[in-house]
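One structure is given here, and the rest of the page talks about it.
Per-chain numbering from 1; labels A, B, C, D, E and F assigned in written order.
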């Protein structure tokens, strides 16, 4: 676990530190270089010139899960891929977040059948769902910003309690 | 010894480390912004004004990130490897002169940490042990990709060390000294890059290999080995590798500037302009500024190469090192030595200009060989 | 003010450790390393004497030794790699035939 | 890394050499999460140092059950599944499926719709090749290439959005024509693209084609002979780079391709560089087709008026009871297709995209088989990577331009 | 006890410890690392002995090139832990016996011929290294020219030998 | 039927007693399982059908004999012709000799058919599943295999489905 779990509640100090840490986490959220299907192409578009996620400090896509903070599940997750996805998630260090990008990752989308997990939340816990098939890059960026809002509200005390 | 000397050394060392650390932090931003500009993007601009706080955000985030130590690693070496990578990159800068000297509290304070008489040798030896961190990181991670990265790194380092050493030799011959300060002062009249342009170019290419930058970023080749030697590292341990890479970039640019581009000195033809107000001999504080400008330009060169060139293949990299750069730098060293010797013997200062001409010819021949090697049986559009 | 004998003693100790390595270990790579250690021990003695007698000959010898050691390592490691490829094993006892 | 479990050699005993069993060569698991496998492909590599001795692709990580799912939908509704197969070539997938349906039920398509289909499919081909060019640049670490290519691709996606309201999954081409007529801005948008794109291709070529490092990475790598290619069923640019002049647009023209003047680039070297050159040339040729089709674009309806198969336009529904009934019937029940089987194929950016459609007399297909080109193109990979380096493997994989959605279906 | 002696003793302890570490490590990589440390220590001895050029060459060549090559080969062959195949029963005792003899011999030699008059002083700060380097170079290229040339030929032969050894025949898999 | 296809179909009829159907200019020839390899070799070598464009199967469940048709779609680049071979296979223990030695592409295509329909190909060099996980049960494209349909969540049944749905934990 990170440092913050070891800190108790130290009043103003913790609050300020919380703010700083959460701010840094939102601004340096490195996604994992990981695409599954159609949405991955839109994720690439979001990285490219028109939408440019690098503005948020997100162009450092890490190929190794050990170094990434955010997993964007871009596309449908098949029954064969599920265990792999979970393994990758488990390999990421805390704190980590998951965005289920697109309908397939959120709820199975149009593929309501034997081969596809009906939502990636059956495999890994999801923080933000982005709708669309595939979602436009703007939608993905909106999802990321929503996640930023969520991250900004993290309290160390909660994390410490969670890790116990 | 006087305690003030110790204090001076300590303070200078501390300041140098701080410079390198901030330099590293802002180099990452510089690179990301410059890459973004080349790639018609904007680059990080949300953290602070124009993204100026981006490095701080990265650093704080990494500090507060969980540190994973995978179960099957060789623990001691795994923990040691990032440190072994960072330390050489920090102590490498100790012998580089940042400027002339100034007087403070009645003491003459020189702008370098250590005035080593064998400064150049010190650089080669520290640069040569800098590879251990990467190799050991690759080996200790117990990961096949990391292992391949480590193996590649060691092989690459051995192949390029020799050309690097020979480039140092060129500078030593021209400066007639192994002391970096004297080498800089020897460039008062003309930069060595002008006398030996091919040598400077070879040096720049070799430095790219030395700091594992694209197109020679074999050990971490993302598309081949995912993250290479640091695949299993997370949090601050990973940040240390990051730090080492960028600090090495800065330091090696400083070395390049010092050896071939006049170090902290101004352009040689600027010395007498406006009564010498651009000269470091007149104002000591211009030295670090000039050096910094040169470093920024050289770093941009590295970033530019990364943005445009594909990665070279691993075996071709070795072949390039052994078959092209090594003979070329040997010949260049030879040409330089003969040129200087003839100038001294015949006493005609014009003979020295034979060196740049001959060396450029050699470089062109080398380039021609490369192109000949690339020819295919036949191709054309049908 | 260190008596040169101390250096010689240190050199001797290192040399003996190296010799022990050559005699007792069976991994050819470690035997090789032990040989390097012995060479180093000798080098140390050379430099110490050179310093004591104020001459450069010792340093020049060391220079030669380093150059020769580099050559030796290049050939030796190439041999080990080749033997490994041929025999799938680098135990020193297995290298008892001249055939590949 | 992305190793799910320790690779058990027993399972692959018959696929790797004996040396792997003694531990002399190394088994490396590449993927399913790996930056250069273009999605979720897993390659089990047997390496001797860095030389690939054997390569065993493991696919199915994106297996979606599209064919099964399409059997459960009516002919019209099944079309949305086709978009998501080869997600680089959504228009082309629509076209292939729609053509199969039209052939099965014998439905005619008005000429304007045909021309629009050609324009859009060719634009899609350009977009697909751009993604290929960008990602294969990325695989060789020429990272700027990726961003330059995506810049132009955005322009094409804007055109798609203009006509269909969606950037990627357009489902714009429908049985009997297209969904609706294109808006007036369409022509200027396409003309703008036609105007700037040739310059952009020159830019790409300037960055790569003569770049010594790039040439070094591509030339004489991954040689694929004509015979091997045919035996493995390789099609598309990969086949044409091996010296076989086979392009369905020329050989069996559909959608009026015979009216347009274009060339099929064919090279005989069969290496990655040839595949690169062929695709680059295809960019130019596709642009030619788009330009001609746009110039010739006839006026008229964009949908067949056979109301048994094609829903009436929205304007009619409000005024005509008959139209309302047709509309209702079509969208609830679908149309009936004969109990027969047909196979129709188009030239997708990756090769022959065939659809085997079998009706059972009812409103739902009995069997839809998508003959996807990437599947066969990937099958040839183990054959051509033997003896190359890992870095070459990346280049070769990029050069055969696979899309995992296309393979796993 | 002067400060030089203290430094010497500490460093020699390190040198001996790392040498022993090299000898007793089961893992060849650790052996190599201990040896690198040992080489660095020896390089510091050279610095103390006023031979900075040799010290730097020591680090560059031994630590920077030779040991990296060792690590490369160890990693390439996966030879970190070699399980002993067959044990030669007489090898270990014999090795111990021989080394004991060697130790006794050395101690005897050291004490029988000990001379404490020959001392090594700390390097002179006033001594210009560049000057000493020049002198050394002069000597190298005059008195020792023949050995120098022979060494260079040896290096060349070694290089060719290494290339020939590791070259693959055409068509060989 | 195209003129140039006629002798080819004739040859198949003579050699293998093949019957054929025609629909919208497409020719489907029916061949017995044991003759399919020979038929493919004949087509490839005598009539220059270089490309096995597609190989797939259709399940006519609940009809059981024949339950499956294994389909070989062949293309001749030289003559610009297509012909389809169909091999009817019975539902119990479906077996067809492998075409992997005639067309290499059949290696993967037959693995797919094994995976999706459970049709065994005798003499196949690598009979493993290809798309589904190794430990999967059943053959999805068979008609008796359920689609695996999962009920969509609406407001009226949200809670009920929410209870059943397996959510992942940290």
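Just so it is clear, a residue touches a chain if its C-beta (ideal position, glycine included) is under 8 Å from a C-beta of that chain, and two chains touch if they have at least 3 such contacts.
None of the values given here were measured: they were computed from a predicted structure.
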item: Chains touching both subunit A and subunit F; value: D
item: Top chain pair, ranked by how many C-beta pairs fall in contact; value: C-E
item: Per Cα centroids, the chain farthest from subunit B; value: F
item: Cα-centroid distance, subunit A relative to subunit C, in whole angstrom; value: 55
item: Inter-centroid spacing, subunit D versus subunit B (mean Cα positions, whole Å); value: 45
item: Between subunit C and subunit D, centroid-to-centroid distance (C-alpha), Å; value: 62
item: Between subunit A and subunit B, centroid-to-centroid distance (C-alpha), Å; value: 36
item: Multi-partner residues of subunit B (at least 2 other chains); value: 39-41, 222, 226, 231-232
item: For subunit F, residues that touch 2 or more chains besides their own; value: 131-133, 140, 145, 147-149
item: Multi-chain contact sites of subunit A, meaning residues that touch two or more partners; value: 33, 48-49, 63-64, 79-80, 91, 112-115
item: Residues on subunit D engaged by subunit F in the complex (per definition of touch); value: 11, 14-15, 59-60, 63, 65, 67-69, 72, 103-104, 106, 228, 230-233, 235, 244, 246, 251-252, 340-343, 345, 352, 354, 356, 358, 366-367, 369, 371, 375-376, 379-380, 383, 408-409
item: Residue numbers on subunit E that touch subunit B, as the complex places them; value: 27, 29-30, 33, 36, 40, 52-53, 56-57, 59-60, 63-65, 68-69, 71-72, 75-76, 128-130, 133
item: Residue numbers on subunit A that touch subunit F, as the complex places them; value: 79-80, 86, 107-108, 112-115, 118-119, 121-125
item: Interfacial residue positions of subunit D with respect to subunit A in the complex; value: 1-2, 4, 32-35, 39-40, 60-66, 68-69, 80-81, 83-84, 87-88, 131, 135, 146-147, 150-151, 153-154, 157, 167-169, 404-405, 408
item: Subunit E partner contacts - residues on subunit C that touch it in the complex; value: 1-10, 12-14, 16-21, 23-27, 29-30, 32-34, 36-37, 40, 43-44, 47-48, 50-53, 56-57, 59-60, 62-64, 66-75, 77-82, 84, 89-91, 93-94
